[in-house]
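Each in structure tokens, the structures are laid out below.
Two complexes, one shared chain (chain A), two partners (chain B, chain C).
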Partner chain A sequence: MARQYTLWISARRDSGTGWFLGALALIIVVVPILNLAVPASSTFHISAYGLTLVGKYLCYALLAMSVDLIWGYCGILSLGQAAFFSLGGYAMGMYLMREIGPRGVYGDPILPDFMVFLNYKTLPWFWHGFNHFWFAMIMVAFVPGLLAFVFGWFAFRSRVTGVYLSIITQALTYALMLAFFRNDMGFGGNNGFTDFKDILGFDLHSDRVRVFLLVLTGIVLGASYLVCRMIVSSRAGRVIRAIRDAESRTRFLGYRVESYKLWIFVFSSILAGIAGALYVPQIGIINPSEFSPINSIEVVIWVAVGGRGTLYGAAAGALLVNYAKTYFTSTIPEAWNYALGALFVLVTLFLPRGIIGLVSGRVRKPAKTQGFPVPAEKPEQPVK
Partner chain B sequence: MSKSFLRLGAQWLFLLLLLAGRGARPACAQSSPSDATFVATLGELRDASFADKDMIIDKLAMSGHPNVRAVLTALAEDRLYSRNDDMKVFIVKTAAGEDTTTLDLIDPVTLKSAGPAPVDNLNKIGTNNHLRRLLQTTLAQYGLSSPDAAVRLDAARSIEADLDESNVQLLKQRIAVETNSRVKKEMATGLALAALDGSDEQARLDAIATLRSSVRQEVLNKLQSLVATSADGSYAESDEKVRNAAAAAVKSVTHWRTFYSGVETLFFGLSLGSVLVLIAIGLAITFGVMGVINMAHGELMMLGAYTTYVVQVAMPNHTEISILVAIPAAFLVAGFMGILIERSIIRFLYGRPLETLLATFGVSLILQQLVRSIFTALNRSVITPNWMSGVLQLNDALSITYNRLYIVIFTVIVFAGLLVILRRTRVGLQIRAVSQNRAMARAMGIRSEWVDAMTFGLGAGIAGVAGVALSQLTNVNPNLGQSYIIDSFMVVVFGGVGSLWGSMVGGMSMGVVNELLEPYAGAVLAKIFVLIALILFIQRRPRGLFPPTGRASENQ
Partner chain C sequence: MSVEKTLYIDQVTVSFDGFKALNDLTLQIDPGELRCIIGPNGAGKTTMMDVVTGKTKPDSGAVRFGEKLNLLDMDEPEIAQAGIGRKFQKPTVFERLTVFENLELALAGDKSFMKTLFARRTIKQDNRIFEVLEIIGLTQQNQALGGVLAHGQKQWLEIGMLLMQEPQLLLVDEPVAGMTPQEIERTAELLQSLAGEHSVVVVEHDMDFVRSIAKRVTVLDEGHVLAEGNMDQVQNDPRVIEVYLGA
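Presenting the complex of A and B:
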């Protein structure tokens, strides 16, 4: 009860939260109406493609939020977040592949098409259980969480920090990408999973299911936001921010820095996994290129553009950059890479607090503690 | 003045006389009587049956004419034709392909060009399998007495495939007068192989003793056939002494072959490691010395590779040396781009490595798209000069490709050059000073901003040079850099940030481990293992193999 009260208070105090949840609610109400109720001939009609696109953006927003949680609040710049996203996606994909059943091209009741094609005789052991939806849902959270736990346990205990952590997370996702590209792994090689038929018996290609998935994604995003918000405004959240700003000092004050980092990292990886699981049924494909290091770095730029250290900023950044990407790549594809590149450079140089920092001129707290540390105050800054 | 002119004139005159004499020689040879018989015998080939050709070839071989070898080689390679107009026999320069319409003729007597002729007017002198084998042996016999040791070696090898009585006799003759030790050894191997099939026990044991020192697959097969058991469990070879000796020899030959294949793997590992070192040392400077995470490093390599391509296009008649021109050009192009990046972006971000990572990643996207806009996304082919292709055959079990060898040498040179710059030049001294203690260096009057630009330019320039090497190894396309960036970061972190030697040792050991794993796990899995091993290693030793020490390390 008390916890809810705090949450409500913090939501009231922080107008950003209100705006964010309001906008999200608007999206998940208006977009379905525009798809289902508005006739296809109308200019306001949103096609299935449009639905998928919005759903994709929302998944990306959730992914961006998971990065912001560890980067913006704990100072852990993971360049391997896409790995957790993809693992969640693969877990969902495995369920969807099993769900196809005998309707595949080869008609094998148990083995997915690619296994028949690759001459598998029996189902590999790690595919067992994925015919149950509940099992797949557990795996969506468990697999990324376990990887993050093992990886983080080693990394944080050995005090691998900063750039080093970024580089090894990048190596991790790169290694996973190479591994998933192999046909022998039992994950479909470079084709990955596709041609999904339905989910829990509902046809994935029908607009109603698409709308449902979109709304579900929106709700999950909103709920995740509230949970993240709760975490960062709790006592533990303060410690996590203290770790970001002065890790050694926090440790000397007696906090177990490693444990805090580890749990926030695991939680963030689970969020990323859920985002991936929501992404796959809407997009209809998952393949190893989702693991590619560039994807993880792109997520980081969404967060940087939106404004790190503000959860809704990260989500807004993801929506904005991805909308821009869709727009540019369809109109002037050449320009997109220039624009994205320039975005990286300009945001880093001129907008250390992102667009949110630009918009919310009326920050109540001084930037020093609320946002990301202002560069000039960093002690490492060389004297010029 | 006039004296030297005279001397020059005399030299020219002498040269002219010499040339004239050369030209005249075949002319007088043409009048010798044996040429007439030679041409006549050649003419017989035209309408002869295969059985007759057999005899004609023997006849030609006996004639002792200096051009017999050339003619028989041409016959073996389907390059001997008769012209329909005048029924003369000619050698053609290159064998006819699917859609050849004219062939360049060579006169068999003078071995000079006799002009082109349309294919319709020519008739190939055909051979069959039997004739080709006969030709091969005949040519080998010729080859054994060639003045060129390499030709003799080849001849000795090819004669081993066909060890009949006459060839054995020939080998025995030639080995007595052979001076080159390698050729002699090859002949001895051939004789030993022949002796194995004999019945004299002592000769066979001697032969096995000779064969022990060989590492060739054929010899191993032969020896293994001596110790093999047939289906019913009895030995194929009845003589026990021979069998035991052969078993020992098999062991020894196998041992050496394993050794040499180990050496080869090691070399492959070193050459792969050299590539890793090459792509990493530029980064070791920008990352290690300056603390800048330069994600555009790969794209600077790509610029180097494209510079190689542009230089090659710019000097189409000098493909052999264009790559040598490309090295400094790539250094300058990439170095200049590096300085540009440093001055416009990175200098505002010192001390904030994660921000440099994001900003330079943006730069990498822009550079990629820039190259894609200019050169399109298609692969550009960079020609490998002739002196870089081919194989260096060290012995029968160990061969090294030249391009791998050159990569190793090139890496060592670049590395040494970098060490010299950092240790022996003024700019190197300043770079080290600024990286160790910026404030103090500034107090000593070092222009730290200029040094920053130079340092970044140096790192970027070396990336460009690495790009020249990569252009010889992979496809030159806009994504070239992306595929190497993670490797190069892993090398630097593994070796220890700030330590050039660390990058060297780290890269080389990564390369060797990768090559060692490859036969068991395959290329991709080996790479995955190496990455995982590195991740685990960094967990245990976050500062790498050679951790930075001293004041500079405290800022990390």
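Presenting the complex of A and C:
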């Protein structure tokens, strides 16, 4: 009861929360109506393609939020967040592959097509259990969480921070990409998984199932937002911001900095994994290119463009940049990478608080407590 | 006859690339004592605080908190939890948290992630925060961000954070740098009122300030203790005059 009350208070105080949840509700109500109820001949009709696109954007918004939680609030710039997204996606993909059953091209009741093609005789041990939906759902959270835990345990304990941490997260996702490209990893090599048929017996190609997945993604995004908001408005959230701004000071107050970083990193990786799991059934394919380093960097750009340290800014940035990407890559594809790079540079130089900063700066008068310059990070002295 | 001391620093040596920042330093602090440590730049004053708070590990020597706790086996959070608080030379407050939140984070208590995730402030804790706000004169500014405070106010806020921690031993590095004379006077009063209940170690360059508060003064030079005694004694010590005061 008390907790709900605080959530409600923080939502009241923070108008961004209201706008964000309102816009999200609008999307998951209006888009399905425009698809299911509006006739295909109407200009307002949203096609199956449009539906998938919106669903994809919402997954990306969740991924961006997971980056904002660790980067915007805790100062951990992870350039490997797509690794957790992809692992979640692969876990979901494994379930969807098993769900195909004997309907594959080769008709093997147990082995997915690529295994038959690659002369597998039996199912590798790590594929067992993925015929159960519940098991796959646990793995969606468990595998990214475990990787983040092991990685973070070593990295944060050794006090790897700043650009060094970013580089090793980038290396992590790159290493995973190379591993998943190998055919004998048992994850379909460079083709990955595709040709999914259905999920829990429902046809993935029907508009109703697509609409359901889209609405589900929206609800998960909204719920994740509230959980993240709860974390960042708790005292632990204030400790996390304290770590971002003055890590060693926080230690001298008696806080175990590495364990705070670890838990927030693990939680963020699980959110990314869930985003990946929602992404795969809507897009219909997962392959190792999802691990590619550039993907993780793009997420950081979405967050920077939207405005970090707000959660909803990250989601808004993901939606806007991806909409622009869809638009540009279909009209002037060769210009997109330049546009994205320029966008990042311009936002960093002129909009340090992102688009959200621009909007909220106009609403609130720039009080003394808002937007004062952030001091440049000074390197920590090496511990002898 | 020996009364338990609060802090023992015993033959501690710290070297950075061959340079001995602390050289066979031996120092003891009594319970409730207010000790001032002076010395020229590079004498090892800040390094000594780094060693005590776990930031720097010495090459040799022993550091104990009371009779039992070996500080060299502990890391910064453990030492802070054990009851040693520190104010840094350059005031370090959380610039993007409010004054109130800065004090809240310094509250003594369980500081694990799960505990703070569901922590609620009690009325008692709230009252304590407002009490400290009153002491450090920042009641009006309690909702301002730490970063917008004036330099002297940041110094005070950091002292306030020390008070919230309720430490047994306070290490205060240059508390009056950049303060106005009135602020200096109030800081002197505050530190004196803290001594007795807590042990306070102050490192300071401002001689007038040291004279106004110190009962015992330790002079460091090149990483070891040059002289110790009351202000008059050390000021008249010819070795001290040579390396420091005479300069």
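To be clear about the criterion, the second predicted complex is superposed on the first by the 362 of 384 C-alpha atoms of A that agree within 3 Å, B and C clash if a C-alpha of one lies under 4 Å from a C-alpha of the other, contacts with A are read in each partner's own complex, and residues count from 1 in each chain.
Here is the rule we use: a contact is a pair of C-beta atoms (placed from the backbone, for glycine too) under 8 Å apart; a residue touches a chain by one contact, two chains touch by 3 or more.
Only a predicted model underlies this, so the values are computations on that prediction, with no experimental measurement involved.
By the touch criterion stated above, A:203 is placed in contact with neither chain B nor chain C. Look at A:259: by the touch rule set out above, it reaches chain C but stays clear of chain B.
Of the two partner chains, chain B is the only one touched by A:343; chain C is not.
Chain A is touched at more residues by one of its partners, and among chain B and chain C that partner is B. When both complexes are aligned on chain A by C-alpha atoms, chain A residues 375, 383-384 touch chain B in the first and chain C in the second. The touching residues of chain B, counted against chain A in their complex, run 293, 295, 345, 348-355, 357-359, 361-366, 368-369, 372-373, 438-439, 442, 448-449, 482, 486, 489-490, 493, 524-525, 527-528, 531-532, 534-536, 538-540, 542, 555.
Interface residues of chain A, counted against chain B in their complex, comprise 77, 151, 154-155, 158-164, 166-168, 170-172, 174-175, 178-179, 181-182, 293-294, 297, 300-301, 304, 334, 337-338, 340-345, 347-349, 352, 375, 378, 380-384.
Touching chain C in their complex are the following residues of chain A: 2, 231, 234-236, 238-239, 241-242, 245-246, 248-257, 259-260, 263, 368-369, 372, 374-375, 383-384. Listed in rising order, the residues of chain C touching chain A in the complex are 14, 16, 53, 55-57, 75-77, 80-81, 85-86, 88, 92-98, 101, 104-106, 111-113, 116-120, 143-145, 147-148, 161, 165.
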